[in-house]
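Lettered A, B, C and D in written order, each chain numbered from 1.
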Amino acid sequence: MELFLQQVFNGIMLGSTYAMVALGLTLVFGILHVPNFAHGNLYMLGAYVTFFLISLYQFGFWAAVISSMVILGVVGMLVERFVYRPLIGQPHINMFISAIGLLILLENSVAVVWGTSAKRIPHPYPDTVHLLGITTTQQRLIVIVAAVIMIILLQLFIKKTIHGTTIEAVAQDREGAQLVGINVNWVSSMTFAISSAFAAAAASLMAPIFMITPTMGALLVMKAFVIIILGGLGSMQGAILGGYILGLVESLGGGFISAAYKDVFAFGALVLILAIKPTGLFGKESN
Amino acid sequence: MKNVLKLGTFALLITGLLMFAAACGSTDQEPKAPEQEQADDAKAVDKVEKEPIEVVIGFTGPLSGPAAQYGKDNVNGIEYGIEHINSNGGITIDGQKYTFRLEAMDDQADPTQTINNARRMRDQLDVPAIFNPVFTSIAPLMDINSEPDNEFLMMAYSSTPAILHLDNDLTVRIPPSFLIYVEAFADIAWNEGWRNGAMLVTLGGYGDEWREAFREVWEHKGGKIVADQPANYYTETDYSTQLSAALATNPDFLLVGGPSEPTALVVEQARDLGYKGPILLVDQAKQDHVAKILGGTDLMHGVMGVPATADVGTEFAQEFKKGYEEKYGVINTWEAVWEYTAIHALAAAMEEAGSVDDPKAIREAFPKVFPLTGEEYPAEMFSMGPRGAIHGFGGVQRIDDNGEYTTPLNYVWWTDSQDVLDEIKGVSQVGQIELMKIDE
Amino acid sequence: MLLKVEKLTKHFDGLVANNHISFDLAEGEILAIIGPNGAGKSTLFNLISGMLPATSGKVFLEEEDVTGLKPHSMAERGIARTFQTTTLFDELRVMDNLAIGYRVRTRTGFWDALLHSSRWRREKEETEAKVMEALEFIGMREYAYHFVSTLTQEAQKRLAIGVALMSDPKIMMLDEPTAGIIQDETDGIMELILRLKERGITVCLIEHKMRMVMDLADRIVVLNYGEKIAEGPPEEISCNPAVIEAYLGGEHIA
Amino acid sequence: MKYNKFLKQNWLYLLLLIAALSFPLVISSRYYIQIMITALTWAMAALSLNLILGYTGQASLAHAGFFGLGAYSLALTTKAGLSFWLALPLAGAFAAFIGLFIGLLTLRTRGHYFAISTLCFGVIVFIVAGSWIEITKGATGILGIPKPTPIPIPFIGELSFTSQTNQYYLVIFFLLLFLFIIYRLVNSLQGLSFMAVRNNEVLAEAVGINTFTTKLLSFVVTNFLVGMTGGIYAVLMGGVSPTVAGSNLTFFWLAYVIIGGVATMAGPIVGAVLVTFLMEYMYSLGEYRLAIFGLILIMAIIFFPRGLVGVFTRLYQKIKDYFGGIRGGGAGQNAAKSRKANETL
């Protein structure tokens, strides 16, 4: 029972990353239909920026996290403008290629600039906590709480602010939004900024727990794709829920069934579910 | 018109990149064209003091991608060795001085690129020997290193026992087989009275063999493996899942390891989960590197692993450690130590063979260059086995309950002869040496 | 009866697009389906041709139940269709478009193509002949090697009919064959449709241009809000009060 | 007369063929021959990818997965004693067979969904190759695959494949075979069905093409070919390890197809040879090399979505138009676009 609780806790913690990364990805893929395969690399870049700010400029942990989000937001806007916008209206595979190009570019640029050895950010909150038979650290609790707060803030932003509602309008009806005078390019930019900032936030929160390496986002982005397709393209609730579910599936499946094959569960589920429902679990029938 | 403009821009960009490439390339020392080399030779004959000839040594391995740091540790070791050889005047054969240069090429551990790189270095730089630190790349290299008139010496850095099953006359295997550590760990653990072991070793060719070998030896002794939760140390970032599962079995000890950085993370996460027992580190992880990442040995009480090189204890080893860290900004790993010593052995073998370009002769001369001991080298090498394995120590070291390093145990593993052991005790600079017999 | 539609119904997320629509199509006739925008005409076409699954109801072709068959099976059984917004293979040439239209009647597969079997040769020649004939029929002989994207709207409409014709259909379902082209050109298309009838092909068309419908159709089915509100010969429909109400009502709302 | 015309139309291809065949005779450098072997092996993989991606319009990202299936299949069967010449088609058949199942599962999806679905399958193959140690020997892989069984030739002796030159010709032989298969397939009524599906799936279905089986056929043939390519690769390298199923390979092949020219016969080969040599040339850039490759990829797709072959055809056409001068209006434009259409009839 203790082990079960421990694995559930691990799963929620893992799921927090997945949810935040998937949420960012669902904004650009579900709403703008950009298959941003480099999303995991933006996540990685976010972690490096945080590392850089803390180790070189002695930023405090939270200051570094927020700065990293801002910087990645700008990077996201640049990516949208120069890598994806020129390809609007071309066959969908072209954006895929562009994304792969960006992925290779980012991963190797980071390796050149910061080297390939794994980096570490010192634990800001290293103390061990005992809770309901679970042993963990403060940092892990902070990650879980911070992720929930950020997800709620994003929801409020989308539902309650003008900027947010324009994004939602574009998501629901791109042409309609254009007709009522919404600047779709601006919305695209902003969506990318939010998406990247979210990736940076996830990466920065995790940074003291995990290792930072140039390849840290490679598998994560694939999992994020799995989550948003299963959760329904463009559905934020789906992405959040899917993220936590995948986290739990992995920690329970990995802990109780097979650690070596734990990723096969997620990817296999995607192939099977799409085979049964080609437009995703919550996809709609089109006329 | 617009298309022509686009094409122009593209062409310009590509040209620019290529020029940039060429410029970058020229900052390295350009390999000499054969004609020029001959001209140099001709000139050299005229002079009384001959100009030294530069011999290029090849390396191909992962310098980008997940295993990049591992590749770099190897390159650093070879490069550092070459630097020392050259600053001591290189080697001399028949009055002709030779110096060395390392050409290190990246193959991302992709065997296709490994072969391409090897071909290139053989073809354009005429390298007599190629270093490679990845087993899956070494095997295809052994496929092409014996082509007539195109031979090269395979300097294989791999502790995988499987490598000796590949028949090849031109191979030198640098590090000892990891079976030493398997045996030593199992012995020590058994004598401590531990019976239940949990494993959380890296996935991958090396890790898979390690786990299997340890399981075999341990179960043979009568011990139990209560949990086997491998994780990919190159791609995973959180090991809580595997650790929770492994620790739930209440093991007497934990066997973990892969590259040092993630191994440190595993150790930390294990302690975070409340585990206080002993942890054994597989030989790829380096104890003092792990300690440095964790900011000291506080979390490492009761850890057992491969000893830090500094504990060879000689003045040279200390100097080496310091110099290396200054030059490369990272701690020297086992790879660096072995490769440093191996390149010296190679240079000595060339001198012994009287040739810098005949791989067969160099390989035949190899056994004659030993021993290399702690007075001048960070690793000690005593002889060479029949299948090209260099005989050096495999050692084990423990950190006690106060976080202090204990004196390492070193194993003579290639023989069970007490005479050889005594002989080695006579020349070796290290402290405790034990006898152990492992198949070569 | 060549085609029999029985109580065809389609719901979209609770919205009723077609409600219990029934009608027959006799061999050799031209049936027009009219109705205000959003009456469910195109949905009806999509249901009959198998592009959408019906919520309920049945379709019979020559007494055989063909409900729920895939569009390609419908085409194979002799129901060809065109689309409201001109739909062609716009990356390919005119002759390729036509050849694809005949593909349903050929069996050349992987091995035939690889080994240049006798079937490959026979069907290749057969297709060439059919393409030439169709080009002649739609009056586009000189455009054989042109790309679709270089054609005028009218030529594209003709070609779309030509592509549908290639499969030797029993029934051709034309969804607004003259949408978006000018009056003079409409006459050309009308003439083409009449020639289809002469060839013995049964035509079912959706059309907005009333004059054309009245001239062409043997019978008319009128839809409004997904319901069939009238059916009969043109002269009867033109003075049907329900139809006038639907159209006038529609106008008022618009 | 007929031969004259043939020569006139195909002189460029004949020239290239002669160049390819005489390459190892003229170039003595083992390095360049090796690069050429690599480039042409990748060209084979890119050619088959072009069949599903370029001609049928379905972006299969499981390509390396099937390549890996072929490679492992060949490794296991030849190690068990089967002759290479039997094991190779078997490797293709194995990949095609698995492809049939995966096609049944994934081909109902479209666009991005298909791409991601196949990518997931590719990753599964990669993970299984690394984890199913009993069969695949895990990350170490299977080593010591014997070279192709020598072919006895009467009076001369036998043709063995231990020398690099003969391995080069082995690759050339299969490359030509692949070209032949794909050329015949694409330039047939069956090929027309592929292009119909690519161009407009809804219309293709409406005119009576069973789009699902058409896609499935293309997918199976693609996977048969790439499975064979995997087999050839395995025998050339003498070993396989999970890297042969890594999605990085798929990404590179995709880049070759796009940079060379999608849906053209020459494109994948041009892309593979050019990029492989370029990457080798850029070697001295060291760590910057891959970053620059990423940049080139982005720029290429933005500025030349139709690839180099597309650019060359257009340039060639422009020059021809310029000198031809008095062509009928629109003919030039049509001809420039005609690279997309294939001489079907």
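Things worth noting here:
Please note the rule applied: contacts are C-beta pairs under 8 Å (C-beta built on N, C-alpha and C of every residue); 3 or more make two chains touch, one makes a residue touch a chain.
Owing to the predicted nature of the structure, the values given are computational and were not obtained by experimental measurement.
The innermost chain, defined by the distance from its C-alpha mean to the mean of all protein C-alpha atoms, is D.
The interface with the greater number of C-beta contacts, when A-B is set against B-D, is B-D.
Put simply, the C-alpha centre of subunit A and that of subunit C have 47 angstrom between them.
In whole angstrom, the spacing between the mean C-alpha positions of subunit B and subunit C is 73.
With centres taken as mean Cα positions, subunit D sits 37 Å from subunit B.
Counting only residues that touch two or more partner chains, subunit A has 108, 111, 260. In subunit C, no residue touches two or more other chains.
Counting partner chains per residue, subunit D has residues 131, 287-290, 296 touching two or more of them. For subunit D in complex with subunit C, the touching residues are 181, 184-185, 187-193, 195-196, 198-200, 202-211, 217, 221, 330, 333-334, 337-338, 340-341, 344-345. Subunit B meets subunit A in the complex at residues 63-66, 68-69, 72, 203, 229-231, 234-235, 237-238, 240-242, 244-245, 248, 259, 261-262, 264-265, 272-274, 293, 295, 330.
On the subunit D side of its complex with subunit B, the touching residues are 29-35, 38, 130-131, 133, 138-141, 143-144, 164, 233, 237-239, 241, 243, 280-290, 292, 296, 299-300, 303-304, 311, 314-315.
Contacts from subunit A toward subunit D in the complex involve residues 29, 33, 35, 83, 86-87, 90-94, 96-98, 100-109, 111-112, 222, 225-226, 229, 260-261, 263-264, 267-268, 270-272, 274-275, 278-280.
Those residues of subunit A that touch subunit B in the shared complex are 2-3, 6-7, 10-11, 13-14, 108, 111, 115-118, 120, 122, 128, 130, 135-137, 206, 209-211, 213, 215-216, 218-219, 250-251, 254-256, 259-260, 262.
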